[in-house]
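Pasting a structure here, questions to come.
By written order: A, B and C. Residues from 1 in each chain.
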Amino acid sequence: MKITMLILFIFCCLNNLAHSKDSIIVQSTTSTKNSGFYDFILPKLKKDTGINIHVVAVGTGAAIKNAMNCDGDVLLVHSPKREIKFVNDGFSKKRNKIMYNDFVLVGPSIDPAKVTEQKNVIGAFKEIAKNKILFASRGDNSGTHSKEKIIWEKSGIVSQLYSGKWYRETGSGMGTTINVAIGMGGYTLADRATWIKFANKRDFKVLFQGDEILFNQYAVMLISKSKCPTVKSETGKKFVDWLISNRGQKTINSYKVKGKQLFFGNANNN
Amino acid sequence: MFEKKNIIEIIDLDLAKQSELILRKININIKSSGITFIVGPNGAGKTQLVRSLNGLEKIKGSVKFNNEELSKKTILNQSFVFQEPILLKRSVLENVIFFTKYRKIKNYIKKSKELLKLVKLEKFMDKPALTLSGGEKQRLALARALSTTPDFLFLDEPTAHLDALSTNIIEKILLKISKNGTKVLFISHDINQVKRLGEDIIFMHKGKVQEFNKVKSFFKRQKSIYAKSFVEGKIII
Amino acid sequence: MDVFGDAFAKSFNLIFSFDKDLIEILYLSAKVSFLSLLISCIIGFPLGAFLAISKFPLRNVIIGFLNSLMGLPPVVVGLIVYLYLSRSGPFGFLGLLYTPTAMIIAQSILIIPIIGSLSCQILEDLDREYKDLFRSFVVKPTHAMSAYLYDARYSLFTVILAGFGRAVSEVGAVIIVGGNIDHLTRVMTTAIALETSKGELSLAMALGIILLLVSLSVNFFVVWIKYLGKAKGYV
């Protein structure tokens, strides 16, 4: 009996049985996390607003699903089509654009598919498919994966047909997928932020960039209280407001890795 | 002086294990106040009989202790000293205290220490029980068995392979408690021991009680050829 | 491979500079592992003892089932607990998802079969030894169970070690129900997973080395305890 009491006591003392009031859960993506974005802005945000942000980083698809299950207060992803659907389905009242960057096609320095000589990214993808060079896909319904699928579509190639052959679907986050690409000497489409921050590049580099299609827009959405009564709307709104404020935007723009800016604030385009 | 006699009445006792008949139609009335020995060749069923009396086997037939049928209640009044002492992995004292405390005996710690003194183990009270010698272990088992002040005490070859000191201590104690009314049932292979301590003797062979007699009478004249061969030290068929 | 050399250097650096983040992660790992181990022992030991001494007809079926539960894939457990604790799940109202408590729950579910099954095996052997003694003295089963657990204490230490090994090396379940949130639910194993996915291989390896050191120390500690027990003649 005494032992049971002692245990319960220890349990309650040492445990976060639930989250504290001034904290929210943000469902976000692995690429956003892997880029170090949250490590940079969250301490500054805490200083300004006092809020504790708990970021759950999963694939975009999972983040959206989790948000729909009410397992979070705010959604921050980079998949415009699905974000608009999210708002239209009533899960959020407003989609707030906060920043953009772009996707880059990375691969081994020897560039076996010669993508550097291509005029656009669709051409680059076509060359990869033609030469059957290994390509690592996210394969996880993430924002990056969506963008990749669009490019395959536009190039008229059904990549799924070659799944397991030269088209390798990792079903994993951005960092893991990059690891796989490097490990097998193949190409992959990555968001620039994660790529710049990535610490195990070996001999890989950006082989194609700048195409219009590769534009990558991030948006943040407060989850609707009517769909999810347990959402911390007040605190969540503080988070969203900070991100789109001048202060937040300035902070986003000031995040640099190896001297390069990773994200470009465009909230005033809302 | 009124002396309570502890009587064991066994009626038509059968014990079968894995379709083999171990004990067949045992019918005896143990009324003596002295020590009753159970002897016989290996495999005769001696241990099985005593285990049955202690409720450790599923039997057919009836066993009565002071006219009460064998049950948990009667077993509470019995103690068994096994052939191989079963000791807990604790100190000598804790081995006794575990049972005196469980039976809610008054002043159980004091009583335990007294019992250990009785078997001359008081010097080893805090020693781990498993580090004792064979004789010391058996003395501990006896002390433990006596802790519940049983009316019936069963012992299965307790002094076989034991040193002379331990055997001596144990035998002295058994004689004493037997005089004080405890019914002692003693399985032994040692004929001299039987002659030394026993009042009556049960001779078993092939799962049956072949003879049940006073010790003196038994060794004067055996009724069965099995018993005769046994006494002469021959192998019995 | 210079990843290893770099990793060893990094691990020493982290340890001897008392890196704040490292201490935080180690503390949380210890907390989660220890508490889930504690809960698993509280449930697992009596369960094992009960199964060891009981004789009811379905006993062997249950023991077999418990044995097979030892092989539960952590990710599956993580997923199941996640679904239960999700806001849209039956226990969502508790708000436990993404907390250390959720991690403790998931790990306990993983460890209880280990503690229960292994202790049952050990105590079964003990029961064979003690059975006659306890029956002869008419000792109640519940009392016998606690006696068994105490007498087998040195062997049960090894069982605890097995449970600890599972807890501290587990990553599949805790990452799903905990969310690997910085300063909140990030433990050694999930941190290693994260650093690996960031390409920070030396750092990941360094954390791995530290985790190994912790594991080794615990193992040595148990070996020492058993040695003490043997010396006292209790094993």
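Basically, a contact is a pair of C-beta atoms (placed from the backbone, for glycine too) under 8 Å apart; a residue touches a chain by one contact, two chains touch by 3 or more.
Small disclaimer: the values here were computed from a predicted structure and weren't measured.
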Closest to the centroid of all CA atoms, by its own CA mean, is chain C
Looking at Cα centroids only, farthest away from chain B lies chain A
Ranked by contact pairs, first place goes to A-C
Whole-Å distance, chain A centre to chain C centre, using C-alpha means?
-> 33
Between chain C and chain B, distance of the C-alpha-averaged centres to the nearest whole Å | 47
Distance between chain centroids, defined by C-alpha means - chain A, chain B (Å) | 80
By residue number and range, which residues of chain A touch two or more other chains?
-> none
Residue set of chain C touching chain A in the complex reads 31, 35, 38-39, 42, 86-88, 92, 94-101, 104, 179-182, 184, 196-201
Quick one: which bits of chain A touch chain C in the complex? Just the residue numbers, please.
-> 4, 7, 10-11, 14-19, 25, 30, 34, 38-39, 42, 54-57, 66, 69-71, 172-176, 178-179, 197-201, 228, 230
Complex contacts: residues of chain C adjacent to chain B = 129-130, 132-133, 135-139, 143, 147, 150-152, 232-235
Touching chain C in the complex, chain B uses residues 51, 54-56, 72, 75-76, 78-80, 82, 86, 88-90, 98-99, 102, 128, 130-131, 148
